[in-house]
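Below, chain A partners chain B and then partners chain C, in two separate complexes.
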Partner chain A sequence: MDRERLISVNNLTKKYKFGTAVANVTFDIQRKHIYGLVGPNGAGKTTIMKMLGGLVIPSGGQIHFYDGERELSPEQARRQMSFMIETPYLRRDRTARQNLEKLRLLKNVANPQVIDDVLEIVGLSDVPKNKTVRKYSLGMRQRLGIANALMSHPQCMVLDEPINGLDPTGIVEIRELLQRLNRQDGVTILISSHILSELANLCTDYIFLHHGRIINSISGEELAKVCGSNLLINTEQNQLAQQLLSDQLGIAVLKREDGQLRIPDAVDCKKEILNVLVNNGVTLLHMSEETQDLETYYMSLIQDAD
Partner chain B sequence: MRAIWRSQTYQLKREASIYIIWAVLMSVCVCIILFSTKPWGTEAGVTYTVSYAWTMAGDCQAPIAMFFALITSILVMGMDYANQTINYDLLAGYERKTVFFGRALLTILITVSGAALIMLLAPLPLAAAGGFGDSLPLWNYGIRTLVFLLLVLRITCEGIFIMVVTRKWTSAYITVALLVLMEETMDGPPKNELIPANTAGAALFQFAGWSSLHLNGEIITEYDATLPIDTLLLSAGLSILMASLFLAMAAFFFSEDDF
Partner chain C sequence: MKHIVKSQLYQIRTDLFFMIALLTVAFLSWRCWEVCRMNMTEDIASYHLDGVCGGVAALDNSLESGAIAGLLYLSLILTIVIGKDYADKTVYCDILAGYTRQQAFRGRLLSAVIVGGSIQLITTFAIPFSYTIRYGWGNVLDGTTYLACIAICLLIFYRIIGEITLLTVVTKRYRAALFVTIVIGYAELVATMFTVDSGALEEHYRVWFLSLPAAELFLHPSQMWEYQDNADIRYYWIQMPKTSVVIGTIIISIVLGTGCLLLSSHLIKKRDMD
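Moving on, here comes the complex of A and B:
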């Protein structure tokens, strides 16, 4: 039994009348990691988070929650977790403190002082107390949602695009906050965002989704190895080159949109590749190493998946 | 469930609309009673009493109290759907049945107590003109009102059911209009007047052989005030049955819903 496993998702599926939002998704969430859930709009990120939170009932598969070796019921687990899914759910005709007080009572957080504390942490303590949420900007509402997520000192946070609408300073503040929570308090985080550069600065692991399926999951260390180890080549006969490399070296060669060939993880095989091309009369026009960041890695995954 | 009650109570105490609805309907009820009895008038020099107003409950207090129950049940149960704050109840780690019944029981408490206050308080202004009188004994009115409150319970559960089923609509007013339409279309030639809510309320406050006359400045009423035990028992039974049915159906839909 893996004592570090917090959540185990097995073949999770959600079907709607209009189609399948999530299909046979399987992954584990390990304690004290920060997972980035990456995917385009409609990939199923929010649906997965809603199923973890109990808002959406799965059509198939299971979700298991653990505390060490002991399995918890979903309700027990969710009491130790906090969620911010889609835009924060707030009463717009109430103030920030009134919204948080209601949620404090709901979560059985005994100390009323916690409201002032979390507002201070997210940078909303200077906002006039009688200002209703209706007058808040998007970024302020996002901060309020994060404040709510912090109130119960959770073991695990599930955050759906928490930095959406934040200014650059706010993005840095929230990133530093999440890093601090993870490093100092051991909080496990599952976060989705469209700002891949921010995820790259934050996450220890990545789960890539496309059309409701996981197309790849990778740790930060593995990603660092993969990124920067691709070869880009261009020849006079790219199609022939692709066939030759696949047949003779067993290499999966991918064609980019611009016609060039990408050979993943092949920087160490340059000599063999050159030999194959030269021996078969294929004229090489260009060869270079491709340095990838999370964004280019993600785009290459999506391209391959399509 | 206690935490759900506490957080909901915190919110509902600050919900001005509930107080306003109750105050408006209460005022309407008082006005109807006063205009029906004209205690300030000197036409026939007749003095109406509080207990006389109790005999009018079927045409006045009861329909208004039922209307209050209808609107308030949809408002209270549905207010967190549009802004999705009900999602926090589930995300906080409560089972769906706990969330549903916690909210439903609080809704019932509010509607039944609001309706009870309308039934008891609306006739009181007449005390200033004619006192309590003896048109109807208090215990008689009390028992009828208690059975009537079971009808209010039924209407509340109906409102809860409608709200859960139609929650995808962001406008609670459309829901209310639908429910009113549904209740009205149940009128017509019912086999038993206790089945449709709008006639059941009046049936509880009907008096056999009713007649009244004005004599020497007093209103004298003659009627059979005997409690119609069969009617009361049947009404109570039907109300509990239908309330249970609506609540069970609502709980089922709530448990199967995606938020």
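Moving on, here comes the complex of A and C:
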């Protein structure tokens, strides 16, 4: 995978009257990667995307866009990108074709045929031509938003909840489309979604946000290593066990909501852990390997952050 | 910005609400013209019999409702073109497509002025033009002064454009801006009619927000006439407003129009779009 930087975000901050939406966020977007922006509602995902798109003016920090070694102005960069933030910005009293034709003229896409092409790709080509967007379902509007994003053959796509409202078939279709764009055309993607299993199927990298801050950035490979290697234990004295394991083995032990202890990346240390507990008279009630997925990893991160 | 204008012109063309409103305004303007035309028939009959009425006399009648029609067209077009995209967030597409906020704003303003100006020119000059073709320019009225008045009036409309634009940007609601503009515009005209002597209109031209009375002053300047030798022959001419009023109007129009447009642009540049 290429390690060519496309976007560099440094100490990005957005403050509103009611509080800080994004605080000192720093990350890089590498070309041809698919980044998942993960976080609960109000974590700052949409605000970050809006700042990338120029819709929201940052209170602090910088965003740099690159094309190889050359730094681009935000406007130059946005011409090579496409966005779908929140709901697609469409005129509801117009048809899909009228909306796309206006956007085609705006983006200076020469070939009018592109409208039929993108509608075909997102599965809207059979919709009656005189049907206004107002009569579209949420899923159809999402598809139309993706059609708009595809029209200018972007190098990078920023998609905020693109599968929101799609039926299961639609979710699979859009996932496959994004994967195809990434693999065949090298399109870089930054995507947010609440459906973490979908992100797990799609992303090569993850950025976890909580209360406007990045709590972890991890590649898909690293995540795969972390997930599934946790040890879950329960003793009669969990607090003492946590202290002993931390002091004597130097391993981080996390306490779950149900009181059990989670020891990341410790499947190979079962013997040492048992020895420490037995030698200190701590009775072990339960020990198992935890198969962790993105969702449980995310939940554990959020718990730790809180 | 060329592409913003192209996309805006396409959008205007396919806007059903705009088209219905435009046809309504055009119908009202046509009715105004019809009323004026009836007056014109009488006017022509009373003009100097040796003179040729032609295009300039038609222009005189056409401009009688020019200020009102101009306000209607401009308020309709500016509020819809500038305001609607901000209301339904479709202006975000421009920013996301790589244009600056000012480009998006200026593109819309330019599109509105192109469309509004074209419609206004057509409705104002189509009939005088046809009269000129048929009867020539005519000599019963002083055409040069008329054209000078129209040139000054363009500056007044520049001020009106600035004021409507600012109103639209500040309210962020195009229907509210359209309603407020029309209400204020007409209220000012009515207030002028009831409170200001026509002779003293020149003294009040600056005080109105949308300056329609000032536009009226220049679009329909005082016509003077006098008998010569005997009671059958009357000579007509147009009295240009006082020089101080002309200069004042030019300065105020440029300063206020530019100020309002710059302020609107500044507000759009600094405002978050969320």
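In this text, the second predicted complex is superposed on the first by the 303 of 306 C-alpha atoms of A that agree within 3 Å, B and C clash if a C-alpha of one lies under 4 Å from a C-alpha of the other, contacts with A are read in each partner's own complex, and residues count from 1 in each chain.
The rule we apply is simple: a residue touches a chain if its C-beta (ideal position, glycine included) is under 8 Å from a C-beta of that chain, and two chains touch if they have at least 3 such contacts.
From a predicted model like this one, the values you see are computed outputs, not experimental measurements.
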Three-chain arrangement built on chain A, chain B and chain C clash or fit: clash
Contacts of A:Arg31 with chain B and chain C, given as first, second, both or neither: neither
First, second, both or neither for A:Leu105, with chain B first and chain C second: both
Partner chain in contact with A:His211 - chain B first, chain C second, else both or neither: neither
First (chain B), second (chain C), both or neither touched by A:Arg92: both
Which superposed partner A:Arg79 touches (first chain B, second chain C, both, neither): both
Chain B and chain C contact sites that coincide on chain A, given as residue numbers: 50, 53-57, 75-79, 81-83, 85, 89-92, 94, 98, 101-103, 105-108, 148
Interfacial residue positions of chain A with respect to chain C in the complex: 47, 50, 53-57, 75-79, 81-83, 85, 89-94, 98, 101-103, 105-108, 148, 152
Interfacial residue positions of chain A with respect to chain B in the complex: 50, 53-57, 74-83, 85, 89-92, 94, 98, 101-103, 105-108, 148
Touching residues on chain B, where the partner in the complex is chain A: 3-4, 6-7, 10-11, 14, 83-85, 87-96, 256, 258-259
Complex interface listing, chain C residues touching chain A: 3-4, 6-7, 10-11, 14, 16-17, 88-90, 92-101, 270, 272-274
